[in-house]
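Each of the next two complexes has subunit A plus one more chain, namely subunit B in the first and subunit C in the second.
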Partner chain A sequence: MVDLTYWLALLVTVLNYATPLLIAAIGVLIVEKSGVLNLGVEGMMIVGAMVGYVAGSYLDTASCKLMGFDGVTCLQFEGSLTIPGYIAAFLLAGVAGAALASLFALMTQVFNANHVATGLGLTILGLTLTNGFGPDAKDMRVESVANILPDAWVDLPVIGRLLGTDLLTYLSFAAAVASLYFLSRTRLGMLVRAAGENHHAAHAIGYPVRLIRVGTILFGGFMAGIAGAYISLVQLEAPTWREGMTAGAGWLALALILFSTWRPLRVVLGALLFGLAFSLELRLQTMGWMPSWGVQFILPSLPYLVPVLVLVIISRNSAMIRANQPGSLAEPFSPSS
Partner chain B sequence: MKLSKTFATGLVAAALTAGAFSAQAEPVKVGFIYVGPIGDLGWTYRHDQGRLAIEEALGDGVVTTYKENVEEGAAAVDAITDMAEAGQDIIFTTSFGYMDPTNQVAANYPNVKFEHATGFKRETDNVSTFSARFYEGRVVQGLIAAKMTKTNKIGYIGSFPIPEVIRGINAFTTELKKHNPDAEVEIIWAFSWFDPAKEAAAAQTLIDNGADIIVQHTDSPAAMQVAEARGVKAFGQASDMSRFGPNAHLVSIVDNWDTYYVDRVKAVVDGTWSSGDTWWGLTKDGMGGEQGMVQLASYGNMPDDLMAEAKALEASLASGERHALPCPINNQAGELVKDCADGAAHLSDLTLVTMNFYVEGVTGNIPQ
Partner chain C sequence: MIRLLPAKGGHWSGALLSVLVATVATVVISAILLAFLTDKPVRTLWELLTYTMQGGTPAVQWGKALSEGFYLAVIALGLSVGYKAGVWNIGAEGQFAAGAIGAYLTWLVLGAPVTVAVMPFLLLGGVLGGMVWAAIPAALRAHLNTNELLVSLMLVYVATNLLTYLVQSPLQGCAPALDAAGNQVGCIPYSPAQSEKLPSVLRFGPLVFGTSASSGASIGTKIHSGLLVLGGAYFVVAAILLFTLIGFRLRVAQSSAKAERFAGFSSAVTIWLSFMISGGLAGLTGAVFLMAESFSLTVGGAFLSNLGFAAIVIAFLGRLHPVGILAAAFAIAYINSGASWVASQPELRADDSVAGFIEAIALFCALATAALSQRRLIWKKEAASHG
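Showing the complex of A and B:
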């Protein structure tokens, strides 16, 4: 039974769980490289998940009408999110994440508030804003989401499922490579790193440290929002909204950055590892050799136990962390001081 | 002294009379405790439809209220107590995990009636229990799955390993094996009644493992949606889930609590309510009588002759001509189950209510 199809299916599941972690983590990476520690990722993700779902449920028929079909034709699309609706729902989710991030930017960059406290507040705010929304979602449904990728790919035998994963999976890997290029090869990327390494020096030679950081914070929020919408719209193949459904994915994205010691390609590796931990939970249950306490209590915490173990191992070598950690990380900066 | 005592007694009597009088005129207050949101489109949704049926049948004579997403276990005590404190006359607690909390609160509020779904404990005479013989529907699903599967692998999503769920697994597997001995059932426990993410992930995993038919004993339509997306078949649970799987949906087991709920609230109004245990299947009496608590809805996505065969099986279960689990039935070790060894024609209700073992044909162990 354990054949090529099985391993391909496992790989697809790993990619499916890795995608939102990777998207959010690339955002976190750029934010932290500019010297900002925003612990509000979980809050921005859950808001993105909700906004993406709500937008999806309103955009199902609306996008059909925009394409010029009449209302009767479009009724058959009720509940199914077509391609323009898909793009719009994700963009709105990103904007919602960025909107929440703008509060963080205001507090930390204008009022010089403590990064850790503000970030934690942002997570609580995001969870609070979305809590209690669950019961109201009963009239909204997104029943299926269009796959942007060409049908010819999806329909291929065996590898069709791998190639036909969501467009965002491809984009998340592209984003990881792009972030490497951005940080090491572009002028703007250098500026981001300069602001993060030593904000006083960057300021002294005339770079707009606070402006750069506001930009990265908004980018981080946008990515977190998209990652959240991936969870509510794509990950389950059954679009769903539920309170607290991101279930710590935002924290895992932050942990990924520590795991990767701020190196983009290691972020990819970490996302795949964490994705594997998620995929194994139910697969190990079906193998049947686990005692029931393990099935009930250990397996569900696997995706969180693995990062903890990895971080414990990594933190034993503090030189490895210091080598790439931005020098001004989490330090409030005021040009006048 | 004596005079004042007489006077006081008179006052109390007057107050009691007035109280009784006004109680007559006031609407009966009915409370519901739900394990999921009413928008789950499955289990809780059907209970809420039952609540609405009470409102429709009794109109101004009744005021209903509900609380959603109440955690099972000790946490439910507070929610049920709040309802009793708020003056509800009858409280329906609609999940297995409310069994002990319901009995605990009932002991403190002897004047409030309690109706607990799917449990078996009635510690005080103000507690009733009721459940549906969902397993009758599982038999029909077992037949359909046996003839529809091409991979001979069926994925089964369980909620908690409690008798109600184990009964369903046993009834399903017994019928499945009868028609297709090569078919296997793989079970994933979600350890939750309503967790769309977990239910969807379970369906994904089962399909990845080769299942081409998904059975669920959880509350949301997530598994049906996954089956539709992956091009396999699935059975709906608690509500009619056909709209979530236009190409996947085979048949749904639908709960119908409406009649029972209306009857029980009317009994409170009439003052005839008494503690009892009710267990209706496809029909109330299991002998072809009135519509019971279990319905099979929206047969589809199967050949016509199979559909006819399935409907005939449903009819024979409803008329009592056929029992869901007729003897001989073996346990996993291959020994005759006690009821059958004693010469019964089928498993007894007591065995079914307390079922904590798998029958022959089910692989794996029940999580303890």
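Showing the complex of A and C:
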């Protein structure tokens, strides 16, 4: 007899950890397809996590008042996130991520700075920004995130918990499919790929390579910001803010793209795999048959060891990587040269 | 009039100009930012820049900048080797931790002796620890074609977990618990968890003493004998990079993979060399930090203070050149120490993130002006420029 409840609960945990990775990775995919390597994902995510959390805690009653209700009616929403507040918090987090990304765009597209160095700098800047303002956010509280589906569905036995996953989980999978469609079927997607494949050729036939890249960089920042806000607002039992709470998720998103060899549907597969590595820690901890070094050292390291392992396996086949890697990835480009 | 012409391979006048523009831009942007972050921007900036003359004795204040500068410079020098050759080791933070662990384990393996004679072995253990940790991304890159940037970074998290595990389980130190009669009946683990401290003969002591600002008593500064070890290592490695064949082969690798093969150097050797130098230097720094400042291993988050990540910034600020790195490391360490001094002054109400901001601003200014160093500055009369 298969214990359905157990496996569904595991799936819910996996989806919970996979969602922010998937959202950030779709951003990274589009950015890299346009020929830009932005290693600042971790920095943009942590800024998104902080902005999302702070916005969420201020918007609890503000969004209610904006809709025209009086203060007394709105008091019932204090400490809980309403749907408009939820949407606004995520949008603000995305804008914060894009704002940080605009600095990267300025550096790499206007000053032609080295992509790797600038991206690393962006990550360090993001961590610094949140270390500076982080403490101010600590005494705020947000108690619950609005549920999107009707309560009756979520209360269903067994399947209810799966349906009760956050709206963004559904949206992230939709976005993965949309990114596949965008890159392979739309004109703009073709332009993005052209800019990434050979920027000299794309420039020669009159495509605005730098403009396209600025656009994808901002999009990547927006997605990273939203992914960060998912971690602070949705991922844990209750919305929380902690310095450095993204704990390498931005780097995992970058690893996901290498794992996927720049193919959207394999990004989904990778996100689920990486999410599983996170959930295994929680699952295996309680089993009791592991030695202490396994529980205290190997299990907490699994989310980082599993990506290394899959990268090793994938990277052995260099033909597959070459087939899909954007030709101009990480090469600075200026129209005059 | 002054003109900027493209100069392939770089030119000293362009390099000088880029450093100048970057410095001025950093100062201006930092000053504007300080005006937003603090109530008294002018005084804050003044105290930050002259912090060695504020409070305490200059020796104590200088010690903070000097020790941090040495740590940053040595790690950054190692990283710069790989960065020149396109080998991205961004996991120095983990190799630093592995170095400290290596030094401590070496001491235990030798039977925990209490004699100065084992200090070189501890340092060697630190170098080996860092190299072992760096060997993982090196081997995966060189032989299995795996992205070394991500692997080295992932291993930072693994090293942090390893450190935490070690001090919470096998290496956890404890204070003796006594019963009413004063007999030892057991052991109470330290909280927060940490290992037993290294005996004092194995520690790098202060070379310079200053007077405490509060009590007037003589106290040791952070200018300790371990800095001589780091200074020596910096000098030797920098000399190797600048004046020997190994240094030349790494510079060749930087210019092109084709030239590298043509000169008879394989890229696998370049990868291994880069990682062993950077891992070894980060490990050595970790060992010195253990023997001079922390004395015991502590949980990952408490032991590591982002030196390995800050060193990445230093490497780029120093334009990957040994002399530049030394200058950048001490400049940033001075600003860091000044900023933490300013943050400790309640009447200035400055945030302790000031240092981080200035560091990031300096990095972006340096990167934005890097293209200038590929240009040549020339002075021409107006008429001549038409001809």
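The rule is short, and it goes like this: the second predicted complex is superposed on the first by the 331 of 337 C-alpha atoms of A that agree within 3 Å, B and C clash if a C-alpha of one lies under 4 Å from a C-alpha of the other, contacts with A are read in each partner's own complex, and residues count from 1 in each chain.
Quick note on the criterion: contacts are C-beta pairs under 8 Å (C-beta built on N, C-alpha and C of every residue); 3 or more make two chains touch, one makes a residue touch a chain.
Note that the structure is predicted; figures quoted are calculated from it, not measured.
Between subunit B and subunit C, C contacts the larger number of subunit A residues.
Contacts of A:261 after superposition: neither subunit B nor subunit C is touched.
In the superposition on chain A, contact is made by A:247 with both subunit B and subunit C. In the superposition on chain A, A:296 makes contact with both subunit B and subunit C. By the touch criterion stated above, A:102 is placed in contact with neither subunit B nor subunit C. In the superposition on chain A, A:198 makes contact with neither subunit B nor subunit C. Shared contact residues of subunit A, touching subunit B in one structure and subunit C in the other: 247, 292, 296, 300. Every residue of subunit A that touches subunit B in the complex is listed here, in rising order: 1, 6, 9-10, 13, 134-135, 137-139, 143-144, 236-240, 242, 245, 247, 281-283, 285-286, 288, 292, 295-296, 300. The part of subunit A that touches subunit C in the complex is made up of residues 39, 103, 107, 111-114, 116-118, 120-121, 124-125, 127-129, 131-133, 247-248, 251, 254-255, 258, 292-293, 296-297, 300-301, 303-305, 307-308, 311-312, 315-316, 318. Those residues of subunit C lying in contact with subunit A across their complex are 88, 90, 140, 144-147, 149-151, 153-155, 157-158, 161-162, 164-165, 168-169, 309-310, 312-313, 316, 351-353, 356-357, 359-360, 363-364, 367-371. In the complex of the two chains, the subunit B residues touching subunit A come out as 37-39, 41, 68-69, 186, 188-189, 191, 195-197, 199-206, 208-210, 220-226, 228-230, 243-244, 363-365, 367-368.
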